[in-house]
Amino acid sequence: MAAANAIEMRGITKGYPRVLANDRVDLDVRKGEIHAIVGENGAGKSTLMKILYGLTPPDAGEIRLEGTRLNKHRPSDAIRAGLGMVHQHFMLVDTLTVAENVVLGEEPRVAGIMIDAAAARERVEKLSSQYGFELDPDEYIENLSVGLEQRVEIVKVLYRGARILILDEPTGVLTPQEVSELFVILRALREAGCTIVFITHKLDEVIELADRVTVMRDGRVTGVVEAAETTKEDLARMMVGRDVLLRVEKAPATAGDTVLAVRGLAAVGRKGTKVLEDVDLEIRAGEVLGVAGVQGNGQTELVEVLTGLRKAHAGEVLLGGADVTGLTPRAIRDLGVAHIPEDRQARGLVLEFTVAENLVLGRHHREPFSRRGVLRLDAIREHASELIRENDLRPPDPDVAAGTLSGGNQQKVIVAREFDGEPTLLVASQPTRGVDIGAVEFVHQSLLEMRDRGAAVLLVSAELSEIMTLSDRIAVMYGGRIVATFESGEVDEETLGLAMTGAWTGGATARSDGDRRATPEVTAA
Amino acid sequence: MKRLARFTSVLSPVAAVAAAFLVGGLVVLAIGESPLRIYGILFRGAFGSVDGVGLVLFNACPLIFAGLAVAFAFRAGLFNIGGEGQLYIGSFLCAWAGLSVSSLTPWLAIPLLVVAAAAGGALWASIPGFLKARFGVHEVINTIMMNFIAIGLTSYLVVNVFKEAGQMTPQTPKILASAHLPRLAGAARALGIPLPDANPLNASILIALAAVGLAWFILYRTTLGYEIRAVGLNAAAAENAGINVRRTLVLAMLLSGAFAGLVATNEVMGFRHRFLDNFSGGIGFMGIAVALLGKNTPVGVLLAALLFGVLNTGALEVDVFTDVPRELILVLQAITIILVVVGNEVLTRRLEQRVRPAEATGADGNADAGAATGEAA
Amino acid sequence: REPKEAQTEGVFRVGMVFDVGGKGDKSFNDSAYRGLLHAADEFGVEHTEFEPGQDADRETGLRKLAQAKYDVIIGVGFLFSEAMRSVAVDYPNVRFACVDFDVRPDETLPQNLAGLRFREEEGSFLVGVLAAMHTETGRIGFIGGMDIPLIHKFEAGYIAGARHARPSVSTTVAYTGTTPQAFADPAKGKELALLQYGRGVDVIYHASGSTGNGVIEAAKEAGKYAIGVDSNQNYMAPGHVLTSMVKRVDNAVYMTVKSVLDGTFAGGVREFGLADDGIAYAVDQYNEGLITDEMAAAVEEAKAAIIAGSIVVPKE
Amino acid sequence: MFELAIFDAALRMATPLILTALGGLFSERSGVINIALEGILLTGAFASIVATFYTGDPWVGAFAGILAGVLVSLIHAIVSIVFKADQIVSGVAINLLAMGATQFLTWIIWGSSANSPPVAGMAHWTLPESWGALARGVNAVIGHYPPLVYVALAAVFVSHLVLWRTPFGLRLRATGEHPEAVETLGVNVRKMRFAGVLLSGALAGLGGAFLALNTHQFVKNMSAGRGYIALAAMIFGKWNPLGALAACLLFGYAEAVQMGLQGRGVPTQFVQMIPYVLTMVALVGVIGRTRPPAASGKPY
């Protein structure tokens, strides 16, 4: 008799040194359904899926796939059992081509030992055209956009004949248009008989797409509900264990003098390609300028030029009227520019340093933390204790290594550090990426507080809702240019999403810039 | 947790050394010798007399400098394999200074030569440092290349330009007498320690101890040290924080080379009083092992250098008085390092217990799990 | 053979300390060791030997032997000179000898230290004569180990000898390297030799320790000729080793031990040369066929002239 | 500078470098930095002479070199893959171990801490003279170099094919770039890394065998830094077999030219610096920043 459940997990337990990631978790996914798993950061969703896929051995528990017991299995066993997974962090090898990535581990062969490159290419082309993916099998991954990378991941899964698909936070990096395209694909796959597990933080998507939802918190399952019978608020409560403010309260801006003015800014990338072109910007004291755009359209480079990390090729950056183009990062910082970098672990913190050491990073060379080249440890500690108290950092210990803090607390360390010392300009890049609802609340409120205290804020985010709620004005970047600017309130997510694809042509303040990225479906939409 | 970590970092090298001696003992046994006798001779050589202890310190001295050089660069994320070349250039410059000045009081001569030694090492190290910072060329290759170049260069100078007249030995004449570092035998006797006059232990060991303190101070108490560590741990974050990464890399390399150059204080100023072609024979490379064993901390380097000093001193005793060759000691040193790194990983993992359900707090929340689960077939 | 740490009553003990390259180099060190074994055999003396690991160990090692009351301590190689000087003064009851002792101008040695020196340039001169007469191409080669004054002496004598026998001869000189490793890199020795043979050189004299094993190997492979050094190396490639410049370190060592035993030991520098067979060129069953009568005559004539002082061989 | 003898010398000097650099390449392509190459080279040299000494057959010696290389690299694999210890530390320790152990064993086997007695070398591949003109022609080409020279050259092309045309190569390269990705596709990362490291041991061990068999003898420390030079060549060649070949030939050529230039007025010491200076200049000028496999050096 055929099993009614595609996936059955029973009593899954997994402990890590400081945290119980999965605590006796049960999960049932019915055949042919789209099953969403939601939960805060660190709730244990990815861990559960990695256990299912055989990447991580559980400490205890039992797994059945379509009725067959999987015991101490490895990914190869899971793949053979019909499981496919699109990971939260894409599992693609940048230096290989699309076709190579797809066939890796299950290569078509000639003469028994050589890769049949032609066959590989053909298979990829076939799968790709079947779902309208438009993938070039010979393109290298490093040249693909995130959206295309995700399609490669899906092709990888389909190539292996998966009947059960796991997608871990697939929409985090996509534009609204790309998200709806993905949903079309997922529904088509469901029609074709596939079972889909879908992990997300976006409750709208759950309501829109899923059949059923499993909610996790602190490594445990806190609820399993039919999507049609629930609301976002209910889900949020199950996730966090309390009521959550889903919108930020914001007073209207009272803008003052121009703090930052950017004129005709251009920059070139590694291979001499233009990554920024003719960018004009202006931010006044007491206002938030949001910069929206799909990853890789020049936002990162813009922030780097503004903070002195990258050389400008042309144009100028004026801070309070003074030309700061080409100054070193330290000089720019010393002029009152604070920066929350987009990748907290890569650029924001020295994970092996203590919290106290991290809290002076960037100002360590100035009084009172340093005098005549010698560190003043008491001043550094005192400063740390103060910030820890003010920002409710946990654990409240200045001497623990920053790397041992949770993601949310790591971000709080950066925020506390950068907001301390009354910056005149705050450049915040993806300040809430990968941070859970509680920490998001904190960061958002802190940002607005800075604004209300008279700082100019440049907010770069891939999260449209974040841009919409926090910004007073919104600039959209595409292909290294600013293609449109809006007053907040006069624009909706659809329009923004369209502008982000470079396909939007309306509006007085907008400038269109071709349709390099636009797909026919999107322009038609 | 912190105490546990400290415990681990002390315990693992100690356990590794013990295990290495065990393995070495088996090797000795395998060639039909008694491990007890061999180890007895080894430790008698190192600890059996004041002379032996003096030799241990004398042998440890250059390793302290060489180990500090590697450890210091390591803190900035640089792997300085070039200690050997740097110590040759430092020693040569030191000797050259000692030959160029005709008369000077010790109060000026000694500092002058010490500075020359450090400057020579720093100069040589700054080249790969600069190439790394400016062109991104990996320092490992360049430091290796520069070892060969330094050896060739000093060899040329000592054979063709600075050779002591009428001698076969490729060495310079003796340096200015007032620049010699005094041997410690006299001072030790004044303290009631019967260190023989012939014992080569000299004031360089005091410079080495000061260097350990200096390295510690720079790394943990100065702004520069903070920046060096930040760059070594996360260059991108350091850059983001306004630290000039390139400058920091060059400075770290410079200081690292200076430590290597200070080997000259023992070899040139304290012991030989001249530059001898090829005198080192691998001190720079042993410095790598010392730094690794000492976990790249100044105090760790000191301890590891002392351990190697014991082994080298004992090795000579074994070499002279038994049929077991000194290579056994090399084997022992290598096994120690391997066991230290392996042991460290194993112990750390052992000690980091995973959280189990029983220990988890507040075991509620599973109540509504399974509310909509279907029956397995 | 079990070396003793403590003195056994009445047994005479000799300690030997080797140079870089060590026992088994089939050349310099082995020659010294042969002398020691010969003495041990004949006089029943006890002996121990070792090879210091680092430069500072030379002196410390010598001291350890002296402290353990060895009767004679022999250092093999000029690198021991300085250490010998200071240790000998501290242990006046122990006899020291140093092969290739690097004597300073106007130096007087302590009574218990003998500096054993060899006039390698004289022997090198003779093998140079043989090389120049044997070459068909008119080109001969020299391969030195480490590029240092000691080896320059070999080179200078060799070239002078060759020019003496055949003024038009052309010479090619190469050194393996600048570190002690240069005396122990047969791979490089072989390539250097093959390169010289490839350029028309057909006889190569090597003064390069075990690096020379590669040179001799190359001679065999290329069908050309090599000249051995220090020990008689003719046997290593019969028919391809033209001769060997033999430095009778073995004799010097044997004589030293003997002189101590019979009470004739005297400190000071002792030079060995052609006159006292301290230096020689080797002729044996392996190279008989290569040395023509004419060559033998010429080389003997040169030898006589050197001994008589009518030829003064340059040292650099 | 362009005479045949120099090219001959260059190729022979390059041979151990080529094999060792290929070894390093397989290891690093799998994500494991292998500083231990120096020690593996030395051990391979030692083992090949021991085996030849006892069997009289240099081919058995070559095989023993490979085997010893694999065994030593197994230590590196276990320490750095299973125990996830620092790869450079492990490599440094293994080099020390190889240095000590080979000398120690040389002393045990032959009573000399310096070198072994001479052993039989490898005969060149030749056809019997009785085959006439054909044999002479073939011998002039194939018989010109020791057999392992041809083996090394063949290894370059085989490695190229393996890395770029076979599933194994694809997986190996992917493992060095992104091990997690490879694991998720059901490929065992540990096995791939073991394969890479052990292959590197086999190749470097063979390189050592060539070094020793070509001189018919083991001499202590006879690797003399060639393992590090091979590592430089691998980086110089941008982690590609053909690039590594070119770099090794360049190093071999620089070395040979250096030998050829000797005795022409320039001090030996300066001539001998040529290959090293050349490497540094080349790294700065021609190559610039090279990009290693993304995950190399990172334990998985």
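We just call them A, B, C and D in the order they show up, numbering each chain from 1.
Rule of thumb we're sticking to: a residue touches a chain if its C-beta (ideal position, glycine included) is under 8 Å from a C-beta of that chain, and two chains touch if they have at least 3 such contacts.
Being a predicted model, the structure only gives us computed values, none of them experimental.
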item: B-D against B-C, pair bridged by the larger set of C-beta contacts; value: B-D
item: Cα-centroid distance, chain B relative to chain D, in whole angstrom; value: 29
item: Rounded Å distance between chain A and chain C, as computed from the means of their C-alpha atoms; value: 75
item: Where chain C and chain D are represented by their mean Cα positions, the distance between them in whole Å; value: 35
item: In chain B, residues with contacts to at least two other chains; value: 152, 155-156, 159, 325
item: Chain C, residues touching no fewer than two other chains; value: 51, 147, 178
item: Junction residues of chain D, two or more chains touched; value: 113, 267, 269, 272
item: Inter-chain touch pairs (all); value: A-B, A-D, B-C, B-D, C-D
item: Residues of chain D that touch chain B when the two form their complex; value: 75, 79, 83-86, 88-90, 92-94, 96-97, 99-101, 103-104, 107-108, 113, 225, 228-229, 231-232, 235, 267, 269-270, 272-273, 276-277, 279-280, 283-284, 287-290
item: Complex contacts: residues of chain B adjacent to chain D; value: 27, 31, 79, 131, 135-138, 140-142, 144-146, 148-149, 152-153, 155-156, 159-160, 288-289, 292, 325, 327-335, 337-338, 341-342, 344-346
item: Residue numbers on chain B that touch chain A, as the complex places them; value: 2, 220-227, 229-230, 233-234, 236-244, 352-357, 359-360, 363, 365-366, 368-377
item: Touch list for chain A against partner chain B, complex; value: 1-5, 8, 13, 15-20, 23-26, 28, 30, 59, 64, 67, 212, 217-226, 307-309, 328-334, 339, 341, 346-353, 357, 361-362, 364-365, 370, 373-375, 377, 399
item: Partner chain B, residues of chain C touching it in the complex; value: 1-3, 5, 15, 48, 50-57, 59-61, 63-65, 68, 78-79, 81-82, 86-87, 90, 100, 102, 104-105, 147-150, 153, 178-180
